[in-house]
Amino acid sequence: MTPAASPIDFTRTHAPSPFHARLLDHTITQNWATWNGYQTPRVADTVASEYFAIRSACSVMDLTPMEKYRITGPDAGDYLNRLVTRDVTKLKPGRVAYAVWCNDMGRVIDDGTIFHLSEGVYRLCAQHHQLDWLLLSSIGFDVTITKETHDVAALAVQGPTSFSVLSAAGIQGLDTLKPFGITSVDVAGIPVTVSRTGFTGDLGYELWMDPEHALDIWDIIFNVKFERGLYDIRVIGLDALEMVRIEAGFIMPGFDFNTADTAVRADFDRSPYELGLGWLVDLKKPHYTGKRALVAEHARPAKSRLIKLILDGNKVPSGSFLFDREGGENVGAVMAQTWSPILKRALALGDITLRKGQVPSELWAEIYYQKELKWKLHWAKGTVTDKPFWSHPRRSATPPHST
Amino acid sequence: MAQPNYDAIIIGAGHNGLTNAAFLAKAGLDVLVLEKNDHIGGATVSRELEPGWFYSNCSYVCSLFRPEIYQALDLGRHGLEIVPLQGSVTFSQNGDYFGSYHQSDIKRREIARHSQRDADAAIRFDADLMKWCRLIRGMLLRTPPDPGSFKARDAFEFAFLLKKFYELSEAQLYEFIRFFTMSIADYLAEYFENDLILAHFSGGSIIGTGLGVYSPGTAYVLLHHAMGDVDGNVGSWGFARGGMGSVAAALASAFQSLGGTLQDSATVAKINVNDGITTGVTLTNGDVIDAKCVVSNLDAKRTFLNLMEEKDLPPKLVERAKTFKIRGSSGKLNIALDGMPEFPALPKGSPLTLGHMHFSDTLERLERAYDDWKDDRWSEDPYVDLLVPSQYDPTVAPPGKHMMSVFVQYCPVEPDGGWTSEKRDAFGKTVIDQIADYSPNFKDLLVHTEVRTPNEIENEVGLTGGNIFQGELTLDQLLFNRPFPGYAQYRGPAQGMYMCGSSNHPGGGVMGAPGANAAREILRDLKKPDVTPQDFGDD
Amino acid sequence: MTKARSAIIIGGGHNGLICAAYLARKGLKVEVLEARNTLGGGLALTSSHMSLHASILKDLKIKLTSQAPVKTIALGPDGEHLCFSGNTVDGPEAARYAAFREEYLAYAKALGPLMLNTPPRLKDFDRADAMTFGKLGWALRFGLGEEAMREFLRVAGMNVYDVLEERFSAPLLKGALAYDAIIGCHVGPRTPNTVLNFLMRLFHDSGQQRVSAAATTSALEEAAGKAGVTMKCGAKVASILVQSDKAVGVTLDTGEALRADIIVSNADAKTTFLDLLGTRHLDALFAHRISKPRTDGDVARLRLSLKARPTVPGLPDSDLSQRLVIAPDMRTVERAFNASKYGEYSKEPVMDMMLDGRTLSINAAYAPLKLKEGWEAGAEGFKAAVLTVLERYAPGLSASVETAELMTPADMAEAFGNAGGHWHHGEMAIDQAFMMRPVHGTAQYETPVAGLYLCGAAAHPGGDITGLPGRNAAKRILRTA
């Protein structure tokens, strides 16, 4: 038996992130949450200030807890193409693609982004722990899969001024970096990989570096604010992230729907079609896990759908059931919801049962809310939309806007 | 001497007998429980064998006990308190250990310390296990249907089970059958890679069985040790405050508060049957007590071969009782300690001594322990489940002192030439030496040690062969086959004769389910309202 | 006129030939590709005590000249031997044995609907599956009757040790019966499920003809030839060709590509899916599943050339050519098994053997595929262990040995191309049987890849020389393809 690593510190539930020292300074609320074994702020200061940092200035978030896997070897490309539902053979080095992967039954296990870092070298970023599934999927492929979550520090810099902030911090060449592009830069002698990726529906970048240099890069960015006073930059927490990701129409596996590897009850998991991610499913590419099930499913009327819902009024439908009319038949439930400050609307993602493959013609949310601790009931009519609730032209403009 | 006439007599004040009695009393029946020992509880007992120390000297932890029964009999008000116990650890021979910490983030980090892959595979494993758990748990408080019957009730019950079963997807159906029939070693190999983790998770699958980690059918036994819960925390175990005797005491208190009569030191010699109708019992002192029905909490072998006369039984049943598999395979050490033993492999302050401790770090060692048992020897290198409940429970040892419970797998029903006190002590020494290998100051702390082999368990508690489950939990003795085909609905061969022990579905462990299920059948026959609880369900 | 559909059968083992003959008789253009230079596959290794299911002989109009039935003689350590023949056995337990055989033959017969059909799916089943369920239910409930059905449901999952302990007292009798329940598999008498092994053996054994392996092979070859099957030896398939998620042909190790509408693999499941097809055509969990079945062989074959016919005290020379079993009691068998769990060969092996002239062919258990010390180092030791046991029963035999040729599971895997060298292409246990053989998702002879089928012992109902996997597969293909 090979001796294992040295004992863990059983007095702590979390491992410190490489940015932990700075997060401590910025999270003045000390309102923490757990994310994949790391401590991450739920709210650093106030949700409103963090939300508007993302929407109108520049926000910073520690992305290190996101699960990261390095995939290399002669079969790396084929392996990934057998893993995910979309065709990634055309993903060129220096490009990123969003993808989902399914189990044999065509049910979604997780989503994430595939970074083609250099010829034949990939990084897969995932929402949840995927090493078991990735290794299990590697039978018969000549690939090496290494978990590098702890070995790569990641920082999201997102918002309208993110380009300006990073440029001011000395990062060159972002003016030509297109959405879903990757570039390697040198920041004060520190090698950093920058991708134009994000979760806000707006301009934004993600920076990838050796954990050893994490605090240096953090300081270089924040010096743009603190030393030079050029732009406002703020640390954001999960609550603000939740608002903008709903606005931008991103789904969260494990929150908006049950992931296939954790689902216990039959039919409590979801297929890409049911999540509105049919556009990610390629039924023509060579075989991949779940393809046969998805081909069969595609030929049948869909059973359920995760829909985007805009509600009348100003009540947020937290945990609401959805009905086909006011007081009518229950057709589903709200899985995620937010008040959108920028749209001045209540937004929701709802999981609903379809009728003969169709969304019911009307949808109503039964909303319970409190005023001074007194519970009240409100019925709000919802409108289904296929597009993200919010998307800004800044998101894709190249060269990016400076504000 | 004339005795009053009872509606029901329960033979044996084990936890199932008391559960059964309490529900019958709750339904308004006049109930008498007869116990041969001067204390109640059967194998659910706390005994002060060294002044100041209370041993749960048979069953020692509690999680399978049905919360439905707890609630229906108001056991909290009758003094029962189950405190969740925390975590478990397997020490390895190279000085390392695997700690299954009770805090989930820490546990995950610890698994990852041994294998990053296994930390992630644990997610798939837990979800799959939960699927099988849900299915089996739903069957615990139900009477198994009879496959030989054409009665509407059996057909309905089969349909119910089929419906439950069909909630699984097709692939899950096959996986469930595989889980039910695979060995724990093969089953775990579909998830984990690390030897220490495989050994750690396998242990629960052999406890109490006459099987090894490579024997098909052991994966399912894992469930018997994983499907229990304490307040909804599935898979966690608890201590009954004051020891397992508190479970029996609370049940007895509930029973008596419902008007029942409990008589100890009363040994039943015979169940009286007249013309196929049960009339009551005769005690060894010659007393005859009449009752409309008699319920045996004894194991099936003892019930039919010792308490009943062959003339009152169908020949097939006698044959079945004779071949009923009830080989004991476990021993137990109960130890009074002068202080808390040290386990130097663990860092200072480690919470891992609070949970189950094991010293079998490979599947091979576990299986070799089984090979010894097959040859009628106690394991030279046994699998132990060691606990020190006095770390939580202030009532079981004097302040500053500790009580240790060591469950030992495997120990034969009878070694070659039979048990002697020398052999019993030699068995005990094997276990103590194994513990001392990991705890250098352990031997210096020993104040008193009680060593129990299947022989002691049989003689004191009355479990045939010292089998802790009142009959082995193998496919041929489960569900509608438990204890025998055709007798799995708690009814004996004579009218008014019933069985309520763990020999019956759903089997062993301090669950109370056989007792409650038998009560439901009895009340049904007597056309009384059903006061037994329904399963809480899982949705 | 429509062109006849074509089929390629990978592997000319007995199941491959049978499947080919069935398909060709229905008008398919069938080609069998066999890697070795002879047909028949592992048949060459079997002693003659199993034979093809009667329906196959009838359907394919195969006439086999049966020899005198072979008896099984369990050698007793004290020179008191037990002779089994049909429902009879010597000695005081003859009546009990006859009753036991009769009872267990009835259970075996009740399995008939399952053995002779495609294993029914448990969900989404078609009409044929429903028929199978119906027939099985009927066979159990009414074929056996209430009492026997209850007993069947009790014993089906049991180990053979406990069942035999319930019924018999003579150690030699129990040892020999237990041996038949374990041989070929990685199980001991106390392993749960072994009764099922025993029942499946009984099913195959129920009143069938007994013929030599060579005669069976040539009869099958002839039947296939008559049906119009082309058989090519020395044609080693390197891979299965897939286009648009459908199997369309094979490539040979020479690089030659052959195309057909239907591809049927007589190879074991791991070889078929992991080597010939490749996991990129499979879903991940399926690939995981197919890599897991227990397929490690645990029996070696030892062929001894002797200077003279051996003498076994207490056994007349005329009985030497019967099937001889050395399994003196169940504990000895179980102890022999213990060693193999830890990658060691049995120090005191159990075995069965047939003498042909001066050649003694022995199946010796247990000899695990993955011997800890490696077979190169361990072969001599195992041979010596077998000879030491034999010497006890046939004094002087060791000195009479001219050559001793050992074929370990690893050698069998090498020679016949079946992963693990398992007799049955995989353990016969409930979790790998019926609708879970070789794994669920490909248990109905179809594979996840359209146009690709299984027809070997890896498929239901599994190993031994029954021909049923080949027959059932052909019927399934003809019905659904």
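As written, the chain order gives the labels A, B and C, with residue 1 at the start of each chain.
By our rule, a residue touches a chain if its C-beta (ideal position, glycine included) is under 8 Å from a C-beta of that chain, and two chains touch if they have at least 3 such contacts.
These numbers were taken from a predicted model, which means no experiment stands behind them.
For the pairs A-B and A-C, the larger set of C-beta contacts lies at A-B.
Comparing per-chain C-alpha centres with the mean over every protein C-alpha atom, the closest match is chain B.
If you average the CA atoms of chain B and of chain C, the two centres end up 40 Å from each other. One inter-chain figure worth recording: chain A and chain B are separated by 47 Å, centre to centre, where each centre is the mean of the chain's CA atoms. Distance between chain centres (mean CA atoms), chain A to chain C: 53 Å. Multi-chain contact residues of chain B (touching two or more other chains): 169, 171. Shown for chain C are the residues in touch with two or more other chains, namely 288, 441. Across the assembly, chain A contributes 104, 133 as residues in contact with two or more other chains.
Residue ranges on chain B touching chain C, taken from their complex, read 147-148, 166, 169-171, 173-175, 177-178, 181-182, 186, 189-190, 211, 214-217, 316, 323, 325, 364, 367-368, 371, 374-375, 474-476, 480-481, 485-486. The residues of chain C lying in touch with chain B in their complex are 121-124, 146-147, 149-151, 153-158, 162, 166, 190-193, 288, 292, 294, 331, 334-335, 338, 341-342, 429-431, 435-436, 440-441. Across the complex, chain A meets chain C through its residues 78, 82-83, 103-104, 133, 136-137, 139-141, 286-287, 289-292. Interface residues of chain C, counted against chain A in their complex, comprise 242, 245, 274, 278-288, 291, 441, 448.
Residues 92-96, 99, 101, 103, 105-106, 108-110, 113-114, 116-121, 123-124, 127, 130-131, 134, 167-169, 171-172, 191, 195-196, 347, 349-352, 361-362, 539 of chain B are the ones that touch chain A when the two sit in their complex.
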